[in-house]
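Report on one structure; see the data block that follows.
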Amino acid sequence: MGYADLPLDELRTYASSVTRPDDFDEFWRNTLKESREASWAPRLEKVDNRLTAVDTWDVTFAGFGGQPVKGWLHRPAGRGDEPLPGVVQYIGYTGGRGLPHERIGWALAGYAQLVMDTRAQGGDTQDSGEQGPGVPGYLTRGWESPQTHYYRRLITDAVLAVDVARGLDAVDADRLITTGISQGGGLAIAGGVLGEAQAVMADVPFLCDFPRAAWIATQLPYTELSTFLSRRRDAAGQLMNTLAYFDGVNFARSGGTMPTLFSVALMDRTCPPSTVYGAYNAWPGRKEIREWAYNDHEGGQAYQEIEQYDWLREFLGGGA
Amino acid sequence: MGYADLPLDELRTYASSVTRPDDFDEFWRNTLKESREASWAPRLEKVDNRLTAVDTWDVTFAGFGGQPVKGWLHRPAGRGDEPLPGVVQYIGYTGGRGLPHERIGWALAGYAQLVMDTRAQGGDTQDSGEQGPGVPGYLTRGWESPQTHYYRRLITDAVLAVDVARGLDAVDADRLITTGISQGGGLAIAGGVLGEAQAVMADVPFLCDFPRAAWIATQLPYTELSTFLSRRRDAAGQLMNTLAYFDGVNFARSGGTMPTLFSVALMDRTCPPSTVYGAYNAWPGRKEIREWAYNDHEGGQAYQEIEQYDWLREFLGGGA
Amino acid sequence: MGYADLPLDELRTYASSVTRPDDFDEFWRNTLKESREASWAPRLEKVDNRLTAVDTWDVTFAGFGGQPVKGWLHRPAGRGDEPLPGVVQYIGYTGGRGLPHERIGWALAGYAQLVMDTRAQGGDTQDSGEQGPGVPGYLTRGWESPQTHYYRRLITDAVLAVDVARGLDAVDADRLITTGISQGGGLAIAGGVLGEAQAVMADVPFLCDFPRAAWIATQLPYTELSTFLSRRRDAAGQLMNTLAYFDGVNFARSGGTMPTLFSVALMDRTCPPSTVYGAYNAWPGRKEIREWAYNDHEGGQAYQEIEQYDWLREFLGGGA
Amino acid sequence: MGYADLPLDELRTYASSVTRPDDFDEFWRNTLKESREASWAPRLEKVDNRLTAVDTWDVTFAGFGGQPVKGWLHRPAGRGDEPLPGVVQYIGYTGGRGLPHERIGWALAGYAQLVMDTRAQGGDTQDSGEQGPGVPGYLTRGWESPQTHYYRRLITDAVLAVDVARGLDAVDADRLITTGISQGGGLAIAGGVLGEAQAVMADVPFLCDFPRAAWIATQLPYTELSTFLSRRRDAAGQLMNTLAYFDGVNFARSGGTMPTLFSVALMDRTCPPSTVYGAYNAWPGRKEIREWAYNDHEGGQAYQEIEQYDWLREFLGGGA
Amino acid sequence: MGYADLPLDELRTYASSVTRPDDFDEFWRNTLKESREASWAPRLEKVDNRLTAVDTWDVTFAGFGGQPVKGWLHRPAGRGDEPLPGVVQYIGYTGGRGLPHERIGWALAGYAQLVMDTRAQGGDTQDSGEQGPGVPGYLTRGWESPQTHYYRRLITDAVLAVDVARGLDAVDADRLITTGISQGGGLAIAGGVLGEAQAVMADVPFLCDFPRAAWIATQLPYTELSTFLSRRRDAAGQLMNTLAYFDGVNFARSGGTMPTLFSVALMDRTCPPSTVYGAYNAWPGRKEIREWAYNDHEGGQAYQEIEQYDWLREFLGGGA
Amino acid sequence: MGYADLPLDELRTYASSVTRPDDFDEFWRNTLKESREASWAPRLEKVDNRLTAVDTWDVTFAGFGGQPVKGWLHRPAGRGDEPLPGVVQYIGYTGGRGLPHERIGWALAGYAQLVMDTRAQGGDTQDSGEQGPGVPGYLTRGWESPQTHYYRRLITDAVLAVDVARGLDAVDADRLITTGISQGGGLAIAGGVLGEAQAVMADVPFLCDFPRAAWIATQLPYTELSTFLSRRRDAAGQLMNTLAYFDGVNFARSGGTMPTLFSVALMDRTCPPSTVYGAYNAWPGRKEIREWAYNDHEGGQAYQEIEQYDWLREFLGGGA
């Protein structure tokens, strides 16, 4: 590997150049309002996950524009209907919710865990917006305007997943947080802030500081941006204007007093650390960050999980 | 490079294992019927291409389901309204129609040349079908059934582009052929066969012999298939069933008496030569193939263009 | 990727060329006898794994020559002292036992799960044999004779881990199996056969068919062999003679009536499928194998876990 | 990709460290004088280019030392003997003039276009100087002195091509410019300045700022320099002294009042942007540069062609 | 690595498809005759090699067409004028004779060692033939005919180096052999056979079986051939006809009763083993070959040196 | 390549951040004392090296803890028992002493040359300390403390090799220096300083400035450190504390008045130049460094050998 971003001291004080569109709040207020109006009650169906220690339900809920979005709800077995503090978890790029027994760590720690599937990526959920020109991947899908961009729909799903979790009997609505790794971390920031969760835990988040990411990234998926702009040589302004509505930096700026626990990997080639710090440094409230000095995009993995278990135990009184 | 496919003698007699679905003809008859019913008259608008030797029109025509598809129409300058023999040209993977002065070779040789844009790839055309889960790219988009697959829509566009060209005053409707390189070659086969052109010229065609391609390819885009199947480990049967409706081998089998000129690159890592021969060997009519022995996917380039100019000159009496 | 091993039909009947040393049984009988004589009672200490659904103990037991080896014992929480069917699990190359909450899948399914650390790899266990010349890695460490080779010590650890699990009150000694992925799969074969477990589940096993592996592998760690032999050009005979004592093919030949469930990835570049079939085809007893057609060394992952949960559920009556 | 050169603001004001040899002007005056004295009248032969819109002649003219150099002359068809403004075009590294129908864009826009072949590269022209030691490629061929270096001969060819174009009846001698991409851009600078064309259009030019190129380039062909110097460890001074006579920076300094249009690709790994700015910033006259922010060495391609068509239309009144 | 050529048993009986031109002998007879007529007496000058154990002379001799070629003559120090058996050594691709103390192994073993520089590669010798179009490197330089090809000149140098060594007082003219690695091995075959040395020792020789090399090689320098043919798509017949005059297979066929010691590396990616066996299997006389099973192009190195010292000790009575 | 470290002027004044442990001197004093107490007289056995110009003995001497370490002693042939100035030479990473005729350059120049084998690397010497967890390779072997680290044992071997050389009749004990390339260079610094040689010649030395190396290196073997720390995320402090006892920077600081000749390759990706300058700049005594500007880790090779021959000739009066 080898460290390859800003000098460490500049990194920790780096301020992203992303601007916040004047109608950022209005855009999201309207977007969420429309989708919430199209919403319907989630459907839950118990499934055989092969495990004795965890109960799992197949979840279908109303996402963007009322479109059905899939997910899994996991709870520790043998806890009846007792409301548990909730964790809404989002998935990394091109991944999906996977099989029922795959992501259950929060349930094992005593939380009600809602894992949201990612539309049109590797899971079980359709995306039905317009699909304009772009390069393979999702960053340039519908790039012409914030109205048509793929991430408008996906982030709306993420917020509505928080709504859904909050409404479940199985969840203690006053103790609800969002989390995720990479794209899941970007969605945790957006979904937690717009969905007004109690806290956000974002690991090596993607979807942050797009202008810098497009300029310095050397690996997929951020290079979708430079690949696209290397062909559509006249589109940089319009694309960056669109992406500003989905940039973790701008969601962080809206974080208010919400507490957060970030992680960053200093040798991250996929989500360069300056892009992560771009969002973290913009966060106005109580915040902590774990730096994994010698890690690439895998970040802290099990070490970070312990950081999160402990941070949340202290913060929420842990899983019940 | 280095040659890396079947021994040469086996290559030239290789028969693809792709099966032709029983309802293949019906599927396409219904698909085309519906889209033709949704069709509307093409719109042409003259543009400044900076060239004195070629006239260019921006074309918008009714593609799949009546959705608008873009293209360019090029003609040699100074020929008035004289009908010219026509060439419908399709574009390689992730490319689009480009700028007006980019692909004009057939116009320079005396043909009316219609360049079709590719929906949702690097051009100016939207795709508005359902977008199910898949890996980045187009081969697995809507993989669940032939009804929902991306290539149902794109191939329909390709056929309707032939309809459009045939209907233009500027084109001699009795002398109309399809052509293209890579994805463009796959579309030339499908569009020419379904659209009943006079001939097909397909260079290093993509979209041929999907089962073999998924099994041996080591490079994008065919590896979208193996990447997808490495995740959706239970989906191979369903995916291959879907792709059989879009496989150049099956269109070739429907080629009837139509003549064709193929090219194949023997060191092609992107479209391995056996997949190309899979389609070529299935072609029932008069056929010729140019083998470029030491070329990767770039194929014969300007050398192949001369082969085509000369073949078409003999076949159609050349451009007028 | 792209498939790159023997034609599929040859693969499934391929017989490894590995020979079984005349004193293979004697070598292992003596080795195990000596180490069992140096054995001492395992030490278990409860640890905080941050989870409410699983109980975990830090295990220290007597491995090769009485040397201390680490491990984790996991059980579903809230089951008191009830003996549960046992799973002994081994780890992939360069990995170690990890953190207490990392590998707990079998406990979640109702088994007592003993995860063995790997000496001198990425965990917490020392290796104290002689360390002769070799290339970085473990395959050539002590290559001069089977007496001094690293895998003599590690496989002995693996067998003694089965002894330890069998002796625990928390384990139903009549329902005990071994499992693992890659190096863990090779150890599961050796440890299960020598340790006389009830069954073996080996995924994409490493340590099988060394002569073929050295000859065809293009990736670490099998290329340690070709790298070593490219320098020590006179050592092939001696090295292969040594490795025959640790070859999964030879352990498989000793499998007797023991049932087994293998998995193989057909596009596996790390453990080429022929090397896996070399061991599988040598297995004399009841056997099944899952082929993951489009996977590299990651193999079936969560899909294979379901295969294993179901196979074991049927075979052992599942976890209790 | 990812941007990897000087910070943008430094880039735009960067001054190359290349020194101008005291006898630079004299060297070229003598070199050109000798070759002009050995010159003879060009031979033109009409060829079949398969196109109806363009007429093409095979050109043979006297290059360095009177050695024959090949080229193509293209004109829009049907323009009789009318003099047209002229464009002399040079070719990228290892390329040659290609087939007659390949590079005809300027003829299509109404210019007389002379495409010069590149001696000893991939075309039809011999090089007959001494061939001293060096690494494969052309940058170190004859490195011992400016008298023996390959680029002395090639640049002389480039200047004499301007002479030839100026002398043709088919060309308006008062409206003559040079152009080219990469090596062609470097030759356009040298050939335009020494040949006293009306303007120069250089795209992502090669052959600029050799000291910096040798120091920072990571890709062929500039790495021929570092490869050579990694072997001939004592040769850096002599090599750089020789190359100074062929450095685009030094030709730019001689540009006088001649106008120029450059292009630079900011993610260019082959011709790093600082080396291009090294030449551009040294240009004394009226100048413009197009920056392609997200492009590698492909640069602006069709987008840049439009910039050039428009710039030249304004500057020369366009092609006739 | 991984073995990647013909099955081993086929490899050892493989017969190259190279044909021997009818005028092969005549071509070389005339070529050598002309150059021998242009020859002049070699010049030797003692140099300071910093060593006390070896004496070294800078050699300049008449190569092709009387052009000066450089070399080093090494002898063990303190042996006065005593004639010693001689070894003529040739250098690998792009290398040169290097510094005086670099290649002295045969002198240390008691031989008079003449190291020939390679014209226009990384040494001190000029090449002054015509330099036609080609790709960077030497395999296609002057490809149009055997008369103009670079290797006509270099192989003539190699033969004349044998003449020179034979004529030196310091050499026992009746005990003279040629040797070299890679390109040096190819030259050792050609130079030894045409120069009528007593024996040839060729290690992992290059310049053998060009048709197969062009077809299967994946690495430089043989890929110069496929790269060239991928551009000059019409040139394969002419190029292969030219190369047949320089193919080690054809020189081997002329080996008569001369003994030879070859070496081959079975995992050689640069000179695939089948190309080496193509030459070896064609050798008519007494022959031995050392197979280095797990080596890439580095071959046997110091192990092969011992094989050669011992083979030559037995064959020639060793160095004196 | 391309230069990729600190700006040149910063490089030449760069000061490493490595701290010198308070007990550094004591640690080494005790370590050497213990091993010297366990020492025994070296065994020398004449071997057939196939050479007439050099005599070679197989050496076995007492290394760390009295463990046997192998080596070769070379002397120019025919010099009887005459004491010659001595050179102790160490070997690069993963290499061993090789075959008797491989590294003999110093003997050829008139020195008694002792080549030390490297324990547990590619030679003939065992390592018998504890082998704790780590990644493949040697940098993290026994990382838990300086007492258990592999390099404690290897550096002790290096010092005792100096002791052995000093004690040989064949060596002039007052003219003894250490040298080596890469790991051999790091050992030359440590062995020369602790062993109180007359001078040190270190080429592109490894084992210098571990904190910076771990942070910026992108290639093996330094990336063993970042790979290890990417897994053992809590171990950086402990690992760096251990490595400080083996860091060339700290040995350089102990160099006193000893003269030294370094070399550094400015494009060295394996041992980045700043890590080499980290040690060089810390050297207190008379010092010189040769910069090879365009070289990767191969450094100056034969050019540097001449620098060394000449420097030592001047310094020691050369080999006798």
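Letters are used for the chains, namely A, B, C, D, E and F, taken in the order the chains are written, and counting of residues starts over at 1 for each.
The rule we apply is simple: a contact is a pair of C-beta atoms (placed from the backbone, for glycine too) under 8 Å apart; a residue touches a chain by one contact, two chains touch by 3 or more.
Computed from a prediction, not measured in an experiment: that's the story for all the values here.
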{"item": "Touching both chain B and chain D (chains)", "value": "A, E"}
{"item": "Shared interface partners, meaning chains that touch chain C and chain D", "value": "A, B, E, F"}
{"item": "Angular offset of chain A relative to chain D [C-alpha, multiple of 5 degrees]", "value": "120"}
{"item": "Farthest chain (mean CA position) relative to chain F", "value": "B"}
{"item": "Farthest chain relative to chain A (centres taken as mean CA coordinates)", "value": "E"}
{"item": "Chain centre separation (chain D, chain F; CA means) in Å", "value": "51"}
{"item": "Chain C and chain F: spacing of chain centres that average the CA atoms, whole Å", "value": "39"}
{"item": "Distance between the centres, which are taken as Cα means, of chain E and chain A, whole angstrom", "value": "63"}
{"item": "Residues within chain D bordering two or more other chains", "value": "303"}
{"item": "Pairs of chains found to touch, sorted by chain label", "value": "A-B, A-C, A-D, A-F, B-C, B-D, B-E, C-E, C-F, D-E, D-F, E-F"}
{"item": "Contact footprint of chain F on chain E as seen in their complex", "value": "50-54, 76-78, 98-99, 101-102, 104-105, 107-110, 302-303, 305-306, 309-310, 313, 319"}
{"item": "Contact set on chain E toward chain C in their complex", "value": "1-3, 267, 292-296, 298, 300, 303"}
{"item": "Chain B partner contacts - residues on chain E that touch it in the complex", "value": "214-218, 223, 225-227, 229-230, 233-234, 236"}
{"item": "Chain E-facing residues of chain D, complex", "value": "94, 96, 119-138, 221, 231-232"}
